[in-house]
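Letters are used for the chains, namely A, B, C and D, taken in the order the chains are written, and counting of residues starts over at 1 for each.
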Amino acid sequence: MISITDKPIDSTAVLASVSDPDCGANVLFVGTTRRMTGQRETTRLEYECYEAMAVSKMESLVALAHEQWPIAKVSIVHRVGVVEIETASIAVAVSSPHRSASFEAASWLLERLKQEVPVWKREIWADGQEEWVHPETGGLPELPERDPSEASP
Amino acid sequence: MISITDKPIDSTAVLASVSDPDCGANVLFVGTTRRMTGQRETTRLEYECYEAMAVSKMESLVALAHEQWPIAKVSIVHRVGVVEIETASIAVAVSSPHRSASFEAASWLLERLKQEVPVWKREIWADGQEEWVHPETGGLPELPERDPSEASP
Amino acid sequence: MIKRVLLFASAKETLGQDSVDLELAADATVADLRKQLVNDYPVLNDLVARSHIAVDQQFALDDMSLTDAREVALIPPVSGG
Amino acid sequence: MIKRVLLFASAKETLGQDSVDLELAADATVADLRKQLVNDYPVLNDLVARSHIAVDQQFALDDMSLTDAREVALIPPVSGG
């Protein structure tokens, strides 16, 4: 299950979607809107994405994860639109026969997803400011295609 | 939430129990009964525990995790009794402001839990054999108390 | 040729539109598109320098030709998750 | 003194009971308890060698005195999770 949704994420369904009789390990990551960043308070986030490319990129990352770890099933659901505090913006689930593969693959997927899947968040601060978040990268980041670890899936 | 139960584990409730407005990262691990171990098929598992000590040990591990990572809430639920294939025997949930702490703490908790929390499984194989699982340790394992990383919580 | 460039996030907000059409030479590359985009919309100068260009939903190198490109997008630094 | 030792998993199954009472000297240690347990129940010999002894729900070193121990348990290698 790889999808973008503007509805609340059903993380129970995301976890259930990777269930497999030959897997003993199921890891679910749920990313939620955090209230405080240092001393600054967030009111809500608003996400937007380039849906076709986001889905395609997530599929590529899942294929790369399968090449690197003996995992069985992977699901990724990203929400768009308004995401209130303590509410899920993303759920990633991975199942595998043994637990280290699930933990490592889930952690890696989040890392890569945050670097190269075209999704953006707009931060609405409690102090009234609003801004699109475009992390500083020290100039143009290296293209993922130049990364030798990204073989064609 | 730290508990031993003989009822099905409600992993949704375990995840919800660590929810926190100041945490953006929620990691849930669910361990389920795996059908195949190599070419051998498992019919079901049966778990037993030394409940008072198991709970006490889990509380100690959670305290140690809090010392090592900036995590907010931790829940651990272990089931005892018969656990069928694809059914949860354990759920561990960790929340933290940022995701690396949750992933690392959850993975570490599972590792330590499997080494020193007094819970045992009996494997009922499809070929009719049944056995308590007491992993070979090459003699008496080092006592956890001798491990300098285990300070008093 | 005319190439439509899809805009997202702050680029979309800044221009108040979700795409722009650029007039490019028939053999234009990604680098030419970047130059034309900044030329036509100077307000995007800093953001374009920090952004990727995606061609048909893949990140594209600057020397890639756009002749056969069906869908082009400006991808500012992402912040999903 | 009489000390009750709680049994679990294969130890409980092998003896068909969930505890055994051992007669020990008043100053007996965990090591003495191990010896007495194997002496009284030779079938547990191999398992005891691979097991921990828990005293009041904490793993105990062999030289620990059992005089004040309230609850003693044989902890075979665990397999939870």
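Definition applied: a contact is a pair of C-beta atoms (placed from the backbone, for glycine too) under 8 Å apart; a residue touches a chain by one contact, two chains touch by 3 or more.
Please read all numbers here as calculations on a predicted model, not as lab measurements.
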| item | value |
| --- | --- |
| Longest centre-to-centre distance from subunit A, chain (CA-based) | D |
| CA centroid of subunit B to CA centroid of subunit C, Å | 49 |
| Whole-Å gap separating subunit C and subunit D, where each centre is the average of the chain's CA atoms | 72 |
| Distance between the centres, which are taken as Cα means, of subunit B and subunit A, whole angstrom | 25 |
| Subunit D residues counted as touching two or more neighbouring chains | none |
| Numbers and ranges of subunit A residues touching at least 2 other chains | 31, 110 |
| Listing of all chain pairs that touch each other, if any do | A-B, A-C, B-D |
| List of subunit C residues in touch with subunit A within their complex | 6, 8-10, 12-13, 47, 49-52, 54, 57-59, 61, 71, 73, 75-81 |
| Contacting residues of subunit B [partner subunit D, same complex] | 31, 47-50, 52-54, 56-57, 78, 89-90, 110, 113-122, 131-137, 139-141, 143-146 |
| Contact set on subunit A toward subunit B in their complex | 11-12, 15, 19-36, 85-86, 97, 99-100, 102-103, 106-107, 110 |
